[in-house]
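I have placed the structure first, in the form of structure tokens, so that the comments after it can refer back to it.
The first chain written gets the first letter, and so on, giving A, B, C and D; residue counts start at 1 in each chain.
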């Protein structure tokens, strides 16, 4: 049995990764890879890696055609546009998987604070499930509206989730996370201009990144605490293509030995198919490049603080890969289907 | 049915790529991944991408154990050492696939000229098949000693093969080819020291690269010409990790129109599973990164010369991937088995 | 005595380098750094390296103001716009230094062929001097219209100039030259988008680069030969910020020993303040990064061909630095003034 | 008047930068650039940027020769070796400038804690002055033993110095700092192997970097506080050649407005020749590449914490450049002599 899907906004990097990850699957059929501006062109015009591997072309189907042809709709559209585009499919009872920030926050107010836009469909927020399988696997199973987490949010949440859940995470989170240039999307911009991106490290949106709300919401949920975590987050543009490295420092809510801390992380991630707890080295994105894996390590500092680190591929575990992982769970397919290939290193 | 194999010299990049490519295959079982110095350590100690994906450890089996356990032996050992290590398996009638330069040249003299070493087993050269499937697919089928081509050689040969075969390649080949740093292997050296490798472009072994003989031999064979091609080849160290781009300029043996030239390439590569003839852009290694694909384009210059370009991943189509492709052919398996995944881009 | 100058189009990389090179000079005063769109802003808004080092702001002076205030006008405007902007100053008897391609070619036809535009002031071409000091030092002294060479042209010409002058350069020039991303200018474009520029090597304008005419004209002039050289030139976008490496292969017009070839290059470049003939290694751009120096080496191939290589910083010896060198000569100042600082390496 | 100097250990990056910075100075004469292994070779054999710019060769003078020939001795030797080599010069009343960690810490115990070695000359520690001009300008004037700060230490201290001095720095410092590969020195190592350094971000020496003691000592001194600061520092290897970006998060000791914080930094760094307080963007190392400048910015987070950032070139302001700055002060020369050139950008 084959599940017919559509990918809305398929020319960007999120769309390209969904295409790559679904291309060889027998259990999924890509019916539409939409693009208003590129309709009719071969998908390899935007995604050179797909050259010669498929006959798929971008299309601009009507809503009716999409409703008729597809069982699940993925959206790689920008925020706001995504919620608008997905609303009819949700209304029609289709399952949707959204890679934008539109369904991640529980309230329209939080959304407004993060994105400075009024949410176009606040009535749909209640039904959305935040697609972090390591936290919400059970809820994802029955989800109809799946909000796939942000890239930075995924890395920071995976670094801190076990501590939050165990109730040992103190309340001043200081996070620095570095990202590769693919995180900025497929459009050439000042921030991704090679001459001024290649040999520098550039903080941006200091203490003001739109993923902050998402992170605080998720960790709060994991901790079950009424007081929201206080997060100070500094994102940094780094000169690599793919990869996020998040480094979080936080007080512990109670004294812990290094062994206790290790046990908390081991138990939290036991059996998790995509979490690699690294021990004799530190997490780094290189070895998980191109894959859905995350490298995680928690350490106890000399001053008794938590230093938690996570490395992911921002476009895979921090984007399309995690969306596919949630889709697999949601549809009752093997969770690792199409995702468990080793990456290249170097 | 599962084919038991060994990988000799499995700590380097060639060995790491063989491990990656075979890890998920059901039709092949890696019985030994040998390393004298790392025996007992998990393969992820050298290959971080394999962390958590396998229980395989490096081993140091005896020759007898290897003969007993394996049907096919891959060698990723350095030249000379490779021929020495493989000789007993060849003698025992096992099939061997060699990634070094030891079995690529037809004569011990040519080998000495290229490698400045005396060939340890010249008597084995006659049986070796040069594993470029686009040229030797039929011979590979029956091969017992498979010599997998060099990385630069692969790129340059694939750029020029159709012209050579069609008898239109003139006799002054001027080639510049750039390579990523992974081509220098897993050992840190002056040439791969990041500070002095990252922001420069460095010619090396100008007109003296050891792959020259291999290229001239292969193109001569393809052309069926008695006069050896005159090749002037300048390799360049470029600041990327993976990838080779070869640019060959050559006179044509007779006048050709652009359309005739295009037809020659299309016909030569029709049905080739790993050759992508690109048309509205130029070949570049980025989109084939991590894959066994080659991008090829031939152009006619304003002065009636051939400009032929080829881009590959030096470790895959220029290394382990092509060896696996030949292995597939040799063993009667589907040629693309384990190799036809789309790469990532960006 | 201080020479008052203007820099037209000062927001781009050419303009930024002129600012950097003149900023600390006592013998030159930058009166205007013009920009229509950025007028009023501090120059560091475009050139972050100048932050805190000057009070200079971009301005949008009238032609009358420029004529009144400046003795020499540098233009870093795009081609065609540059000739239009400089014409009034030439008419008024001011000296001008043009970094665009507008005054490099001797005829309006050649200009049209290279740039697909009609030259706006063909009557000015006769007076222009091509500012390659190694060829035209004497003519530069008296120049009023100085056409500073293109970046690729500089590297390729410096590689071949001694051979051309000595009459030993044969007539089939095959050139591959790689360039850093700063060569594409300060505007973010598809070709400089970090994710798709960083880990690849991309040929472009194959056999059709606008510098071809300039190179053929200059080498022809140096050789004094009636037959134009036949040049096949493939430019490659490489993943570094600054630097060009040009590799030229050509037949020799007559048999030469390696020593004779070396002598030709040594004599040609004896006393040249910015040419470094490298001997025990190959030319590479890294060590001349940020400087006006060029590394050059000529080799004799096994087949008796010339392999000539040159490495420069595309923005300095291939741009603003060479323009300053010519300006120094033109104004009777020490040729190396402001230019003889060692670069950084690594 | 010319000051005769020696540079001990001149083949590394510290030595190379000292050579570069002194090469064009008329007030300083490099009498010896020592290297035991490279003695007799031209300095460009190690430092390609100096090719053709000097006749200087590495030498291996006796102690007596150095004492006779030089007034000031710079050491770019490794720690422990440096103190041993400098002791005779200190004893002879020469001034010394040490780029290693040997004279930075005030006690032999702190030294042992940081470097796991017994200090070879603890009796000399009392006389040493820590060469951070922004803190110790007056003491540097009379110094005879100048301990030039570490690269990470410089960046972190400059980020926090004004807050520490003003007594507003709270006591839990959480720092993440990223460094380019040149920070690892001129020897090729696993950590600087291009294939595994180029596309990743790698934490190392987490909470255990040898600069921690130096930072805590310096900030404590600046704050005049009896309680040492608690510092949690995570260094990260980043894929660029030069540059450090330090991001420090810390509670404030008392409530401050954003304006008050800004005033503290402005007043602290008013008149500092090498500190650039950036306002409408964040500090980044690119624009100070190759220079002695530091970009600094302090921000107040939404939760009332300090986010302080500093970017430097690790080899210049974080190494040889700062040593030259201190030398200038120590010798009564203009502080910016040979150091106030604009860097290149991009």
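By our rule, a contact is a pair of C-beta atoms (placed from the backbone, for glycine too) under 8 Å apart; a residue touches a chain by one contact, two chains touch by 3 or more.
Owing to the predicted nature of the structure, the values given are computational and were not obtained by experimental measurement.
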| item | value |
| --- | --- |
| Chains in simultaneous contact with chain A and chain D | B, C |
| Remotest chain, chain A as reference, centres from CA atoms | C |
| Distance between the centres, which are taken as Cα means, of chain C and chain A, whole angstrom | 46 |
| Mean-CA-position distance for chain C and chain B (Å) | 39 |
| Centre distance in Å when chain C and chain D are each reduced to the mean of their C-alpha atoms | 36 |
| Residues of chain D touching at least two other chains | 13, 180, 182, 195, 198-199, 239-242, 284, 286-287, 289, 345-346 |
| In the complex, chain D residues that touch chain B | 13, 180-182, 184, 186-190, 192-195, 197-199, 239-241 |
| In the complex, chain A residues that touch chain B | 13, 16-17, 20, 23-24, 47-53, 182, 199, 241-242, 276, 278, 281, 284, 286-291, 293, 295, 315, 340-346 |
| Of chain A, residues touching chain D in the complex | 172, 174, 176, 178, 195-196, 198-204, 206-207, 230, 232, 234, 236, 238-243, 245, 247, 249, 251, 282-287, 289, 299, 301-303, 305, 307, 309, 311, 345-346 |
